[in-house]
Every structure is written in C-alpha cells, then in structure tokens.
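Next come the structures, one after another.
First subunit A sits with subunit B, and in the next complex the same chain sits with subunit C.
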Partner chain A sequence: MRHILLIAAAVLATNVYAETPRDFLTRFEKEAGAPASAERGARFFTTKQGGEWSCASCHTEKPTQPGRHARTDKAITPLAPAANAERFTDAAKVDKWFRRNCNDTLNRVCSPQEKADVMAWLLALK
Partner chain B sequence: MNSETTAVRVWDLPTRVFHWSLVASFATAFITSESEKLRDIHVVAGYALAGLIAFRLLWGFVGGAHSRFADFLPAPGKLIDYLKSLLARRPQHYVGHNPAGAVAIFLLLAFGVIAAASGWATYNEIGGHFMEELHEVSSNGMMAVVAIHIAGVIVSSWLHGENLVLAMITGWKKMRSTTHENPAG
Partner chain C sequence: MKLRIALPVLLAALALPALADNYSLPKNAAFEEECTSCHIAYPPQMLDAHSWLHMMNGLATHFGTDASIDDKRRAAIADFLAQNSGGRKTGRTVDARGNPLLRITETARFEKKHRKVDAATWKRASIKSPANCGACHTQAAAGDYSERSITIPK
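Now for the complex of A and B:
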C-alpha cells in the first residue's frame, strides 16, 4: 500500500512539472475511452480530412524529419519525440497546437480518439 | 442660458486615417491569429499595425493640437476627477481626449508596440516560447483595452450628448458655448 502511494505521489509530482509524450497517449486514450491505433493515426496524419491540408502538409509524412510550413515555407522542427525531445513535454503547448492545427486541417477540433491515434503513431516512429 | 452650439475642429485628417487604419489592421490581425493558413495575412496586418503606430508616435509630437501627447498626458488626479464627474452624471467636458481616453491611448500604443515587436520576433524565431507568450498576452491586453475604449466611447457619448464616433470620422465636434478648450493633461 505504501509503495502504491509513493508511486502515485511520484507520478503526480512529475505531472506538475513536465509531461512525457507517453503521458499524452495515456490521457487521450482515457478521454477517448478506447485504445489507440498507430495504424489509424498514420492514415489520419498523412491524408486530407476534408480540408486543404493534412497534418503531413507541414510536418511531412515522416515526422522524424524537419517539416516546412505550407504557407510561409518556414522550417518546422521534427514532431516525433524520437527525433525531438522537446515535443510533447508541455500540456499547455500540446493543447494549444492541437487546437490551432486541427482547426486548420479539419475545420473543427480533433476528437480524443484522433489525438490518441496520432500520439501512438508518433511514439512508434523511430 | 445660451444653448448656442459651435463646430470645433478636433481631429486632424492624419489622426483620423490613423485611427480607422489601426482598427482595420488590429481587427485583421486578431481575426487571423488562430490560423496557420492565414498566417501571411496576419503578418502583413502586424507590419501595417507597427507602421501605423510608428507614425502615431511621431504625430504625437508634430501633429495637430489635440493629437499631441502634450495635450493629453495622463494625470491621475484629473483621471479621478473625471471618473467622479461621470458617476455624478455631471461629466467634465474636454474638447480633445478626456483623461480616461488618454490612458486608453497610451495603453493601446504600448500594447501595440509590444505585440508587434514580439510578433516579429516569434515569426523570425527569436526569443522562443517567451516571445510567443508575450505576443499573446500583449495582443489580448490590447483587445481588452479596445473593449474598454469602445464602452467608454459609448458611455461618454451618451453622458455628454455628443457623437464621439462621428467626431472621429468628420474631425468636428459640436460644442456648447460653455465648453472650455482646456486640455486633458
């Protein structure tokens, strides 16, 4: 019992300071109420979802590589955590950029399931 | 009592063109702020806003009488007196900027300078997350002052029985002969 409490305290304490990419997968899966599918995430990421752009339009189909802004041509650092340790370590940033970029690609917010699937795929990339 | 009115020239043409151009550029920048697709429009609107503010800072020293900063330097004592006079429904009358409007203008210019500079830095990838945050906070601060400014214009227009929006379009105000030409500062 004491061990469980210590682990819970440690997890809560780290959550206050910084998240890891895997924390977001856990969070989105929990919100979706279903397990994520990396395969579904790959398809979602690389194909247009009714809008002018897909995620890959800026982040490329290999997000371990640097991307390029589809409007301004500016360089974008890799999105996959394996290639960029800074990605998915700050909940405020993650929520902000999902909000903005989902609106640009889907003209709506992304569902927790869509976010969980994309996270699973990005985490699987090496 | 003499209720004769005379027309007074208040806002010179450059000040009026500046005012409505700033409205247009800030509105455009604000509307396009959430979108990557409209990012280029947002950046152009930001440059326009920066250029307009640069002009206004210069015009504050060499422009028409009521457009000069010396005409409406913020003064806490006058601001409090003015706000009290509004609450008492006996508003003190100023031809140019009233003391509350004066504060709004300096806040708008300051927030505008910070928003444009931090926006430029963010776009050019200087200053990282801090500049991004500063850009959002200063832009939202500017929008908050705009909201207060619009509310103030409506309340003041109603209390003074004059159309302040029309004055910013035509440059003229109708003055009752009892009005003094005293500056806000």
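Now for the complex of A and C:
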C-alpha cells in the first residue's frame, strides 16, 4: 500500500513539475481547437508581428542556436528543445515568457493557435 | 601638529577600500533567476531604495519591455533590493526635480566615473549601450567593477 502511494505521489509530482515540450503542443492545440502548423509557426516566429522585434530578433531564425537579447546583448540559450533539454519543461516559466514576449513583439497576448504553431515548429527543429 | 596632518591621511587610507569599485553581490535566488534572464545582475548598491521601489512597481513597462513577474516574487525581490540598496557610495539617486532615477547610467556616480568615455565609444557595436556593463567591465557579472578588470573593446 505504501509503495503504491509513493508511486502515485511520484507520478503526480511528475505531472505537476516536469512537463515535456510535447505536453505544451497538446495543450495549446486543445485550447485552439485546431491542429498546429509548423510552417505557420516558422513564419510567425521569424517575421515582425506589429512590434519592433520578432521572436527571431533575440532567439535567431535558427533557435537551435544560442541567441542574444536585442537590447542588452545578453546571451540566450537555444530555445528549440532538440538543442536545450531545459526548455518547455515548466508551465509557470512557459506561461510567463509567452505572456511577456508576446506583449513585446505583438503588443498583445498570443492566441492558443499561434502558440501551438510555434511549438510545432520548435519541436520539428533538429 | 604632526598629528593634525597624519590623522586625515590615516582616515583617507582607511576610506580607500570603500571607494574601490567592488560590489559584493548578496545571494538571492529569486533576484538571480528573474533579473539576470535578460541582463547582468546590476548591483543593488547602484541605486537607492526609492529608485528600486519604483523599478519594481513598473515591471510591465521595464525600459520598453514587459518584465512582469508574479506578485509574490516581485515583493520578495523588492525587499531584497531595498535591503541592499544605495549607501554612502551612491547617495540619493534622484533627478534634478527629486524624482527617483531608474537608469543607473543617469546617476551622478555613473556620470562622474564615465566622464572620459566619449559618445563614439558608447556606440561601438561591441558595446551597444552604456547599460551593457559587461562589454568593458569584464567581471561585471560578479560585481567587480574595479579599474584592473576593465578592457574597452574595439
């Protein structure tokens, strides 16, 4: 009984704290109510969407590579999960950065569809 | 008579370590994680408590970017900055009208320390802006702004 409880606790803890990048794709697609498009995600990521910067201004057009903050020049670790295992493993962080960076690049929040598309593209990068 | 001269000299010598540009960076996990994701850890000692309070109350429009964080962490970091702020070196960090300065680069101490750096140098691609401390202060991330760790890039 004790073992079962421990395993259950471990599974629950895993679900709460350690998401995988695919979990976010699933979540955003569900919220959008439509499948993601990596192609749309690439276009969205690499072109300006109303603000002074695009996502690529800091994360580069090849986010398997490190980037640099467009204003401060601070090094930014790669965003694509294939190049950086730490990315998209913590819901609080993912939500925080989408909230802030969408505001900086679009002057609004991103739609679930936009987030799903970007996730699909980032996951497709090798 | 001798003592009258010796005493100021002795006092000046004692004051020297305080004038050295080394800022110990107190450990604080929330400060490090949140504040250094976009820029180096600017030493809390470089602004007074009032400036930091205003900074922490305006994170949604932080020098042209949205740097908002959850409220619990915001409060914790604001406390940390207030506790480690300013001091004798920095003085009050206010503008001519008495409003709190938010840019370290506009403080009297910064301007005095950088008065010999010309406008063209600041604009070099390798430097980008006066806020990019680490471009010249090679150990800035560790709080070391001493003369000996300065290398001005071409």
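We take it that the second predicted complex is superposed on the first by the 112 of 126 C-alpha atoms of A that agree within 3 Å, B and C clash if a C-alpha of one lies under 4 Å from a C-alpha of the other, contacts with A are read in each partner's own complex, and residues count from 1 in each chain.
Going forward, a contact is a pair of C-beta atoms (placed from the backbone, for glycine too) under 8 Å apart; a residue touches a chain by one contact, two chains touch by 3 or more.
Model, not experiment: these values are computed from the prediction.
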item	value
First, second, both or neither for A:Asp73, with subunit B first and subunit C second	second
Subunit B versus subunit C as contact partner of A:Lys126, first or second or both or neither	neither
Contacts of A:Asp104 with subunit B and subunit C, given as first, second, both or neither	both
Subunit B/subunit C common contact set on subunit A	69, 71-72, 74, 99-101, 103-104
Residues of subunit C that touch subunit A when the two form their complex	38-40, 63-70, 128-129, 131-132, 135
Complex contacts: residues of subunit A adjacent to subunit B	52-53, 58, 69-72, 74, 93, 99-101, 103-104
Footprint of subunit A on subunit B - complex, ascending	34-37, 39-40, 43, 125, 129
Subunit C contact footprint on subunit A (complex, rising order)	69, 71-74, 92, 96, 99-101, 103-104
